[in-house]
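Below: a set of structures, written as structure tokens.
In the two complexes below, subunit A is the common chain; its partner is subunit B in one and subunit C in the other.
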Partner chain A sequence: MKKLYSVLAVLLVATMLLTACGTPATEAPAVTEAPATEAPATEAATEAPTAAPTEAPVVIKVGEVTDLGGIDDKSFNATAYAGVEKAVTDFGVEGKYLESQQQSDYAKNIQQFLDEKTNLIVTVGFLLGVDTATAAKANPDTKFAIVDYSYPDCFGDTAVEGQTCGSATELPNVLGLTFQTDQAGFLAGYAAAAMTKTGKVATFGGLEIPPVTIFMTGFKAGVEYYNAQKGTTVEVLPFTYTGNFESTDDGRAFAESFVQEGADIIMPVAGPVGLGSAAYCKETGSCMIVGVDNDWTVSAAEYKDVILTSVLKNTNVAVYTAIQQVVDGSFKGGLYIGTLENGGVGIAAVTGASDELKAELEKLTADIISGAVKVGE
Partner chain B sequence: MMNTKKNPEIDMRTRIAWGVVLIVVGLLVLFLFAFSTEAGQVTKFGLNEAKGEAITIPDLLLPTQPTNYVLALILIAFGAFQLARGVKSTSTLVAVLAFSFVMAFLVWAARDKSFSLVGMLSSSVVRATPIALAALCGVISERAGVTNIGIEGTMLFAAQVSVIVGTTTHNLWIALLAAILTGAAVASLHAFLVIKFKVDQIISGTAVNILGAGVTSFVSSRFLEKNIDTLNNSGTLPAFAIPLLSKIPVLGPVLFDNTPIVYLTILLVAVLHVVLFYTPWGLRTRAVGEHPKAADTLGVNVYLMRYINVMIGGMFAGLGGAYFTVGSVGRFDEVMTAGKGFIGLAAMIFGKWTPIGAYTSSLIFGFADSLQVKLQILKVGIPPEFLLMAPYIVTMIVLTGVVGKAVAPAADGQPYEK
Partner chain C sequence: MTDKTVKPTPSEKKDDKFDLRQIFEGSYNTLLPLLAIFTGLVIGAIVIAGTDATVIAAWKNFFQAPGAAFAATWTSIATAYGALFGGSLGNPRDIVAGFQTYFSTGDNAALLKAIYPITESLTTATPYIFAGLAVAVGFRCGLFNIGAEGQFFMGALGSVFVGYSLQGLPAFIHLPLALLGGIAAGALWGAIPGYLKAKFGAHEVVNTIMMNWIGFRLSDWLLNGPMKSPGFRPVTRNIAESAQLPHFFPDPLRVNWGFILALLVAWLIYWLLFKTTIGFEIRTVGANPDAAKYAGVNIVRNFVLAMVISGGLAGLSGASQVLGVDHWVGQGFSAGYGFDAIAIALLGKSHPFGVVLAALLFGVLRGGATRMQSLAGIPVDIISIIQGLVIVFVAAPDIIRWLYRIRPAEHKQALQSRG
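Let's look at the complex of A and B:
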């Protein structure tokens, strides 16, 4: 029996070690530089205390907590981290990330960064809204930036602060990073309506939550605007949801189903799930994909033949802006809104677009910025 | 049901219960799906997959209201007949009930619209495949008396290995083989722990699952994501249309125009059924799972049988893992199996630990999976979350024993000590 327990113990320890390696506190490659900048400072402090206190820069620490999609989701977690990495290069801050494997990891990961005295904690995603607010209230000296969310978020009688919503008041140490992706989705919808051959286009999401549906409603409004302008009858199939952000096989099945119902352009708003749709389109040649969050012809280059365009949510620009504010001391809570105007959102080049369509899209962009064309109804 | 024949009173009671259920469902169909529609409405089912079949047949046009009247009448008449006389076979009753209700529901949901019926059925078969392979893994392990809940983890390992092998060798058949061998290797780890060291089988299975998610996520984020073209872009096994058979309308695109993994699964179901119930090997396997001591007394090597069967099960799970990568999207993403291994275990229980039962229940889960996509497109007005729950609710209903009692092999999950 003793042998039994020792084997079991070894196995469990191995499991924990390996899962631990796989997930938390995977330091960014860039971090290897960061300790190097720190090291001289500490050496100077211990070896030569009499020496003039050199600048001994306090390295600003930035930590990103991902949602369940993980750091390599080729979506907002990855894009947000690109912003951190750019700040590491430009400002010499220290950048780290922690991946969340399940919902209960959110609070744990935030706490770990708090324990490490991180200056700015970037939480990625709507789903971290409550935990971020709770941590921000308990640690007013730490700065937070949350992607796709803003405070106050407690509305109505049923909202319970700290449970169903984060905070009833604006938090001075949290910057909400939000995006008017419907503006960019509108452009993509317009382009899709112009490019469809079957007269049907489709879009699906991971979950029915605002940061997902805003893409979809913008897309639909764009198609309708095209119809109104050109007198066409391009149809958007009803919105559908996979219920997860992981299963690429679902992405494939959804794409197949849309093609069966006659659609030839599909916009998946479900992180890596959309890559399954792209694989289906590439294999069958029966559809084109509108990427979301970042330019899929770059981030998923293996599918670039079937990427019509991408709706860009430049989370990196927003995160970079937040870090910049911390570095130059101008950080204050509130709201950052990414728009077509400030480059927070945008649209990638449309594959196979005629010069006419390109010109129309440019004009439309200008019209949306000037307010001549209203995206929301 | 076999045991009910012995007792005429219980026989009588189940007969009446079935009759009442049929009539109630018939009335439900009448009220929900027939009266709520209008006279002129027409439902259109697409019967061709847009793949360019040689023979295209016209789409099926059904007048919504009359069709559902007929279906409701069939249900009620069947129920009445059941009350008066009684039908022997439970499966006939289940079939009539399920077919009429689902058909009425679809006719109602697609009123004034059209949707591809063939497309839905063919994606049901495809979506059932990984569930079925996981279920077969469970069937053969548990028949030999070893509970394996580590199927999910095993599939993740196999999925990842197959995509790496497929990308580096450019040969998807080798990738498939690698997945199968990986499955066997992971299963043998589980077998080693639970047979040799008699570790609690649930704990060992859980460890395999955690290990699978952890190691594959680690490898994925460290290596695969950074080297997509050299490690994580295998392409997929092409669909292979069986000549002639695939030209049959409706059945052709559903059954005979699939990827090799789908065919292989159907073949394996048949083979496993024969092996398990009609060969000495199968008899020994079952003996080891039901009463290992007796089997041992008769000279069956209990440990060896268990090792080999768990490893064969691992091979099924390995093939199931390959479905996700080389069989579907040609790339690996973290935790991409999304719980299919666990649903496979439910399918195994639903199928009463038999290969054919497990496959049938996998088809039901696959059907629920593809149905919910179509229902969302049809805008039925049922929240998508609820539709996504459907397969799990079905599982729970099955587990409560409403649809026949499912009895596990007697020595399932118990280590054997000489």
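Let's look at the complex of A and C:
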């Protein structure tokens, strides 16, 4: 028995070694994508903390701290880093990221970037809201940008600055990156109303929090606008929430029950949960999915047959804009609002859309930008 | 049953010794884990170099420039491990310089900056010590507690609840209460599988895994419902200051009294396991339940007791993280402390002092990973690979013996297999 174990163990190690040697072929291109992270690595080895001042041209350093989703979440962490990578190519800035594996990593990762004298620290997600504000207040010379959050965020009597919320005042060195995803959701709702065959569409969220519900209210408003314009009675099923952003099983179950209630187009606003819904639609052929955050025909290409369209929250554009402002010196704290106008939000191509619908969507986009059509009530 | 009636056998006596000198005296019991760690680091280095584009490019030109290939490999590994250990232990020169500045001018800024890495490693090691002890106690009773992760979660929730719901208590009452809240919640989560095992023979591996999922989903619900703080974020309120484990240094240094507590608890568990009748019974049940039963030991009570202690320690692990570092709990609170704890208990040979050393190692690896990721661009996942390798080698010591041509020591065999 003991022998068997050791044979198994040797096999295991052998596999690890082989995979270790085997991966370079596939991994290599991924690594070369971020040359900026390689270059400082070698110089840091010789003299880690004081490497920067010896260099003649000052390279602007950008660091992204992810939330628990990690850098390859196919959602806002990844999209935000795409913005960093574009800035690396365009402006020659130095781009890095640190993944958070648990909540105590947030402060630690921000601290690591502070130690490296990073010029702009991009934190992703509202869960980093408190740590970002605390670090920003202690380091007024460092610039921060936080995705899906903004300051002031302390309201009411129970709010304690630095604990339950980040800051009671606007911070001069923090740019909040927020998105009017209801504008894009509006377009998706309009498209869904035009494409539905059963006359019922549905949307559900991961949690009932503003960054999620804004998609859903926009979607609903878009459907209602379509009804008002065309005299139809397309119905949006009542909003529901899975309570998490993880369970693809939940996504599947929610899609199933929506289909049973008669819906044929579903917009899941719950990160990877939506992939479960997409899988259900693909297997049964009974529904279409509206993707969120990025273009799901690309990021979830295996389900592209059942992706009607995607509501794009272009975190990359927002992050790129923030970096651009740091580079050209126009950075100031406050609020960036991604809209249809500045490309911060948008909608992907609608599968199977008629030329008429395409034209209507284009006109609607222009009308929302000009203010002729109001998205919110 | 008293100590007089049951004398520890000679082999038991040997088992409770954990002496670093054994390494030099050629005792394989300590040498093997050290070699396992070393081998893990070596293979980790191969993985690091093997996934580095610069190194691969250099090796493609091996026949043109063999020196460059070796140089690139060396640079890659040195950068990674330099950053890893620099990020976890700090730079000795900076620390010395920091002390000099402090003593000559009284300015502690440089010193605090220099010791930040090592304090961060100790901070990370703290929950690992508790959680490792939790699994080790289970092992000693022959129980495989895979549920430490769930118990960790419950402990965190229990202590955060006591921490924020009670206000205006003095710290010397509030802090112990909050710790007890964590212990109680974890112990409850451990007691259930222990009872099911003892009473109905339901296997603890299955039940502790099941309890993990119940714990995760329960925490999802609690964080979105009853325990949710005002505002939209699915997190709890912050604990009162009186429930916080005091930090030793000003921010951002986070090392706190939890670490001292962990060392004390490790000693307490050592004392419990090896110096008391309770511990002797637990170990007897672990060594041979049938024999223990025959000798009149109450198996049911010991299974439940071991799981209660184990769960309580895992809960204390979560509590130490909440009360010492985070001060609030959100979704995805743990980074797998409970699962890493299994590895720590194995590496520490289920001995409290071994567990402390193994937890310190894990703290160093995890603590330095951030810097390694940032400076060398190496994903933190490499740490998991190294940890995994170490565990493989510890669990299958024959590989290490074969690699390093160590002859098995006959008289130790029995102990090894009992692990």
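Simple rule for what comes next: the second predicted complex is superposed on the first by the 322 of 377 C-alpha atoms of A that agree within 3 Å, B and C clash if a C-alpha of one lies under 4 Å from a C-alpha of the other, contacts with A are read in each partner's own complex, and residues count from 1 in each chain.
Throughout what follows, contacts are C-beta pairs under 8 Å (C-beta built on N, C-alpha and C of every residue); 3 or more make two chains touch, one makes a residue touch a chain.
Because the structure is predicted, anything quoted here is derived from the model rather than measured.
Touch criterion met: A:T240 reaches subunit B, while subunit C stays clear of it. Of the two partner chains placed by the overlay, only subunit C lies in contact with A:I209; subunit B stays clear of it. Residue contacts after overlaying the shared chain place A:G276 against subunit B, while subunit C stays out of touching range. Within the superposed three-chain model, A:A301 lies in touch with subunit B and out of touch with subunit C [touch as defined at top]. When both complexes are overlaid on chain A, the residue A:R252 reaches subunit B alone and has no touch with subunit C. Shared interface residues of subunit A, touching subunit B in one complex and subunit C in the other, are 8, 12, 20-21, 23, 99, 101, 208, 243-244. Residues of subunit B that touch subunit A in their complex: 46, 49-50, 115-116, 119-120, 123, 126-127, 130, 193, 197-199, 203-204, 207, 210-211, 213-215, 217-218, 220-221, 225, 228-229, 233, 236, 238, 324, 328-331, 333-338, 369-370, 373-374, 376-379, 384-385, 388.
Chain contact summary for the complex, subunit C toward subunit A: residues 43, 46-47, 50-54, 56, 75, 78-79, 82-83, 86-87, 91, 94, 113, 116, 120, 220-221, 224, 229-235, 237-238, 251-252, 254, 321, 325-328, 330-336, 370-371, 373-377, 379-380, 385, 389, 392-393, 395-396, 398-399, 402, 417. Interface of subunit A with subunit C (complex): residues 2, 5-6, 8-10, 12-13, 16-17, 20-21, 23-24, 27-28, 31-32, 34, 37-38, 40-42, 44-45, 48-49, 63, 68, 96, 98-99, 101-105, 107-109, 111-113, 115-116, 126-127, 129, 138, 155-156, 158-160, 163-165, 207-210, 243-244.
Touching subunit B in their complex are the following residues of subunit A: 3-4, 7-8, 11-12, 14-15, 18-23, 26, 70-72, 99, 101, 208, 237-241, 243-244, 246-254, 256-261, 272, 275-276, 279-280, 283, 286, 301-302.
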